[in-house]
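Multiple structures follow.
Each of the next two complexes has chain A plus one more chain, namely chain B in the first and chain C in the second.
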Partner chain A sequence: MEKILTKKSFPQWVKKLSLYKIYAPVRDNDICNLEAIDNPESIDLDCSNTVLSPKKIIFPQREIYLEFETSDENKLQVKEILPEETPSVIFGVRPCDAKALTLTDKVFSGDFKDPYYWKRRNSTTLIGLACNIPPSPNCFCLSVGGSPHSKEGLDILMTDLGDKYFVESLSEKGSTLINLAKPLFQQPKAADKKAVEKTQAEAEKKIVRQIKDIKKIPSILENMFDSPLWDKESLSCLRCGICTYLCPTCHCFDINDEVSSSSPVKGKRVRTWDNCQFPDFTMHSSGHNPRPDRSSRLRQRILHKFQYFVELYKDYQCTGCGRCISKCPVGIDIIEVLDKVSDYGS
Partner chain B sequence: MVHNDYIPKLAHILEIKEEVGGARPIKTFRTQFQNKNDFSFRCGQCAMLSVFGKGESMISISSSPLVKDYLQFSILKMGRVTSALHEMQPGDIIGIRGPYGNGFPIKDWKGKNLIFIGGGIGLAPIWSVLNTALGKKEEYGDLTLIYGARTSKDLVFREELEEIKKKIAVHLSIDVEESDWNEFVGFVPQNVTDKKPSPNNAITITCGPPIMIKFVIKALEDLGFKDEQIYTTVENKMKCGIGKCGRCNIGSHYVCKDGPVYSWAELKKLPQEY
Partner chain C sequence: MVNLEDLKNEAHKLLKEGTVKYIIGYERGTNGLLPIPAFIKNPEDVERLIWDPTCVFNLTRFLVDEKRRKASEKEPDERPVGVIVKGCDSRALVVLLQEKFINRDDVYILGVSCEEAGVLDEKKLAKTLKGKKAKNIEFTKNDNFVVMTEDGKTEISAKEILAERCLECKANFPVIYDILLGEKVKRKSDKPFGSLEKFESLSKEERWTFWKEQLDKCIRCYACRSVCPMCYCDECVADTINFAVTADTTAEEKAQKIKWAEKSPVTSENFVYHLVRAIHLAGRCIDCGECERVCPLDIPLRLLNKKLEKEAKELFDYEVGFDPDQPSLVSSFKDEDPEDFIR
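Then we have the complex of A and B:
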């Protein structure tokens, strides 16, 4: 289904979705955050990409698994805490971030389906916004199988055409949202479709950064485990972990007990995001650490994304959003690292 | 309802036996589920144990699947959760989820001579498969156990070992000479070289500290064992147990799910990062 929605009508559409919890980009001075919103007027679709991707909604930074408590009869009880299935809509999802959810989908599926992830995932509708202008100078989606107007993983794709949006429904979930406000949408004219095509072609040309020889990278990496490159490239790393915390595809987590009373015992078991760039991520209680230094941890980040994930799921665990490059305080640049990998292989 | 793998089942501790005292104490816990026991596992698999309020720790199951009355874990006091377990008493409640991991491919070992090589607490995962083979002795060839620890006080399952000695060849060792010790003195790999087990129609299962495993494999190779005849278990820090939390990987393998059991033929192909 293809429709036209004027920018003036956009807030009215959002108002019609009152049964849903709405998340959207909201501007806060220079940055944009993805927030739950009440007022459609606060949505800013002209924002650059949000600091955190929609991963933070589907796979929140902190999630309660269960609660435990000792009853009056001195009996320990454990209560499963699953997230409520709140129908939600996320506006302004960039194609790279939608693709990223298709990758975390793979991780949280398999023999053990993660009920926390899927409760949220299944109740959320993703409304994408094509990137007519790259939201970041470090965007490189074209190198990793994406594009600024990719529909992968989205329920609706919106393309900005000046004073209106071209709105394309890509799933039943998407059509449902359009049908809730049918009178607001118009049929696109031939000129609108042409405008979309032109915008998309121009958008691709505006992406300047790319990984050279990406297709060769996984096989080159297979022979680079002991390369001195990792030492060199990781020398400046502060192990702050921002690269993986902000990554829309990183899924590593920790599980810990948070205790409100130790006797009788009462508390919660929680999952929180964890980070392969931290020394204690892999450290055994004996002190032995299979990845004891910055070098082995940078190697893990790169190899996981461009070798191991490819072996497991036939896809790169990277969608080219550029967050890890833009936010690294010491300028570690994944594109530059991968280009050096290419050089190593040639 | 969706199955939730993160929720442990409650079990109580039936009995606790002190195996080893001193600075590196080991205790064996026998546990029983509070509700119906539908926990079926294979030798070499692990379980995620909970001490509520402290957290979880992945522990290998040291009892045989042939034993239905209890699940047994032999645990070295090391970190937060294992220290809490060592403080517990019979009757106390823990959580158990799992079983996790691949387990030993014992179906493929029928008719073969099995040589078990353990060091310290490494006898725990061996104990499950050794007792399973002992329970079905007619299905296997000769069984041999080569086991060692730092001192005679650090050997686990002392009483049971005396019983097992009546049934199979058991070669014990300690690292340093002691006055009333009549068996081998030296490291486990040296004992392997000394006892010269035959690679003919044999499988070896070796568990223990990484450094011991490394030299045992070397000793076995020198004796003519092929990579496919050598099995070991790998340990790594784990949280989820189901291949999602991302920390126990060796290359694209998640030890919790794809391990902990590997043949040397499989393990040597992976990045040496464990």
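Then we have the complex of A and C:
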């Protein structure tokens, strides 16, 4: 289904979705965050991409697994906690971030379908916004099989055409949202479709950054485990967690018991994001750490994304959003690192 | 004015003569306007060095890594490391020397003066340029920056795009150095604690609301800690394993160690992390502003440290980062120290 929605009518559409919990990009001074909103007027679709991707909603940084408590008879009672299935809509999802969810889908499926992830995933509708202008100078989606107007993973794709949006429904979930406010949408004219094609073609040209030889990288990496490159490229790494926490595809987590009372014992078992760049990430209880330095941690980040994930799921675990590049405090640039990997292989 | 060629020549000489084992400086990166840290070993590579108002990093942070690396080497190269420092960075070095974390002999200090300017705030610049991309930035004499964009040259008043800390800088030239480039001239700073005014006018309740909202944004990426030259502890209370586990550590010992902060990014745990860090920086933070610059969520962390700097000044007449022989704030006592808070 293809429709036209004027920018003026956009807030009215959001209002019609009152049965859903709405998330959208909201400006906070110099940055944009993805927040739950009450007022459609606070949505800012002109924002550059949000600091954190929709990962923070589908796979929140903290998830409670269960609550435990000892009763008077000293019996341990355990209560499973599952997230409520709240029908939600996320506006302004960039194509790279939608694609990222198709990758985490693979991780949280397989032998075990993670109920926490899937309860949130299934109850969420993703409304994408094509990138007419790259939201970041470090965008490189074209290099990793994406595009600024890719539909992968989305339920609706909106394309900004000046005073209106070209709205394309891509799933049943998407059509449902459009049907809730039918009178607001018009049929697109031939000129609108032409405008969309033109905008999309131009958008691709605006992405300047690219990985030199991405196809060769997975096989080159197979022989690079002991390469001195990792030492060199990680020299300035501060061992912070920005690159991985901000990454829309990184999904490692930790499980801890948070005890709020020791007598009687009471607490929660929680899952939180974890980060392969932290020094205690692979620390064994013996004190041994198989990844003891920044070099082995950078190697892990690159190998996971461009070798192991490709071996497992036949896709790169990177969608070219550019967050890790733009936000790295010391400018470690994944494109540069991968280009050096290419050079190493030739 | 600091002449970049002079800096390159000095660096070249130091490397050629083997005075230093390598030099930590700034070079152009590929990710945007800001440079990246450069670690230069070969004299020819000094050509990569740059010096301009984008050189915001506090490079003394890498001396912490160097110390650890050296400690792990069997036959370490005993020569000093050359490091390029601005005024603020040099004050960080003073604290590292004062705390005996670094030996003076292990570092060769190439001081560069910011003179009457400072470094820029990338976010302020982006706002001023309204989407245009800056290609090159230079200081000029009349308190302006010359910014080259795709549309050509524009002059912007330094005040508009200087980092907040530079507007409040106490000495924008290095206070300790082996070589100094540029003049020991100071920018007239109107209010040394100006950025605190708005915050201090808030009531207790308003402050709580303000900080709760700010710290609730924290995702605990620990970039603020990681970028800080003063956060050099081997073990941090914020980490899950906040003590050194060795082969001899028993299971009981591990079980009995207190976990100070949970990994969950919730109000209580975020406050524990940030307040512990703030208190540990009291009398040590030299206001390089790096914690605030790197925060991906834009939490105004500098305010916390600035407030403690002001308290140290007002209560103990203590100024940080000028004298490596001065006893540190928390490890010294004077008869006239206020004690009315002891009850």
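Note that the second predicted complex is superposed on the first by the 346 of 346 C-alpha atoms of A that agree within 3 Å, B and C clash if a C-alpha of one lies under 4 Å from a C-alpha of the other, contacts with A are read in each partner's own complex, and residues count from 1 in each chain.
Here, contacts are C-beta pairs under 8 Å (C-beta built on N, C-alpha and C of every residue); 3 or more make two chains touch, one makes a residue touch a chain.
All figures in this text were calculated on a predicted structure; none of them were measured in a lab.
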### Message
Quick one: is A:Ser326 in contact with chain B, with chain C, with both, or with neither? Answer first, second, both or neither.
### Response
second
### Task
Check whether A:Asn256 is in contact with chain B, with chain C, with both or with neither, and answer first, second, both or neither.
both
### Message
Contact-wise, after the overlay, does A:Glu336 reach chain B, chain C, both or neither (first, second, both, neither)?
### Response
second
### Task
Answer with first, second, both or neither: which of chain B and chain C does A:Phe68 touch in the superposed model?
first
### Message
Looking at A:Ser285 after the superposition, I want to know if it touches chain B, chain C, both of them or none. Which is it: first, second, both, neither?
### Response
both
### Message
Between chain B and chain C, whom does A:Ala36 touch in the aligned arrangement: first, second, both, or neither?
### Response
neither
## Note on the structure
chain A residues contacting chain B in one complex and chain C in the other 254, 256, 274, 283, 285-286
### Message
Please output the residues of chain B touching chain A within their complex, sorted ascending.
### Response
2-8, 10, 50, 52-56, 78-80, 82, 93, 95, 210, 235-237, 239-240, 242-252, 257, 271, 273-274
## Note on the structure
The answer for chain A against chain B in the complex is residues 65-66, 68, 76, 78, 80, 82, 107-108, 110-116, 118-119, 225, 251-257, 259, 262, 265, 267, 269, 271, 274, 276, 281-286, 288, 290-291, 296, 300, 303-304, 307-309, 311-312
#### Entry: In the complex, chain C residues that touch chain A
29-32, 34-37, 39, 57, 61-62, 123, 126-127, 133, 217, 219-223, 225-227, 239-241, 244-247, 249, 251, 254, 262-266, 290, 293-294, 296-298
### Message
Quick check on the complex: what are the chain A residues that touch chain C?
### Response
28-31, 33, 51-52, 61-62, 137-138, 235-236, 238-242, 245-246, 254, 256, 258, 270, 272-275, 278-280, 283, 285-287, 325-333, 335-336
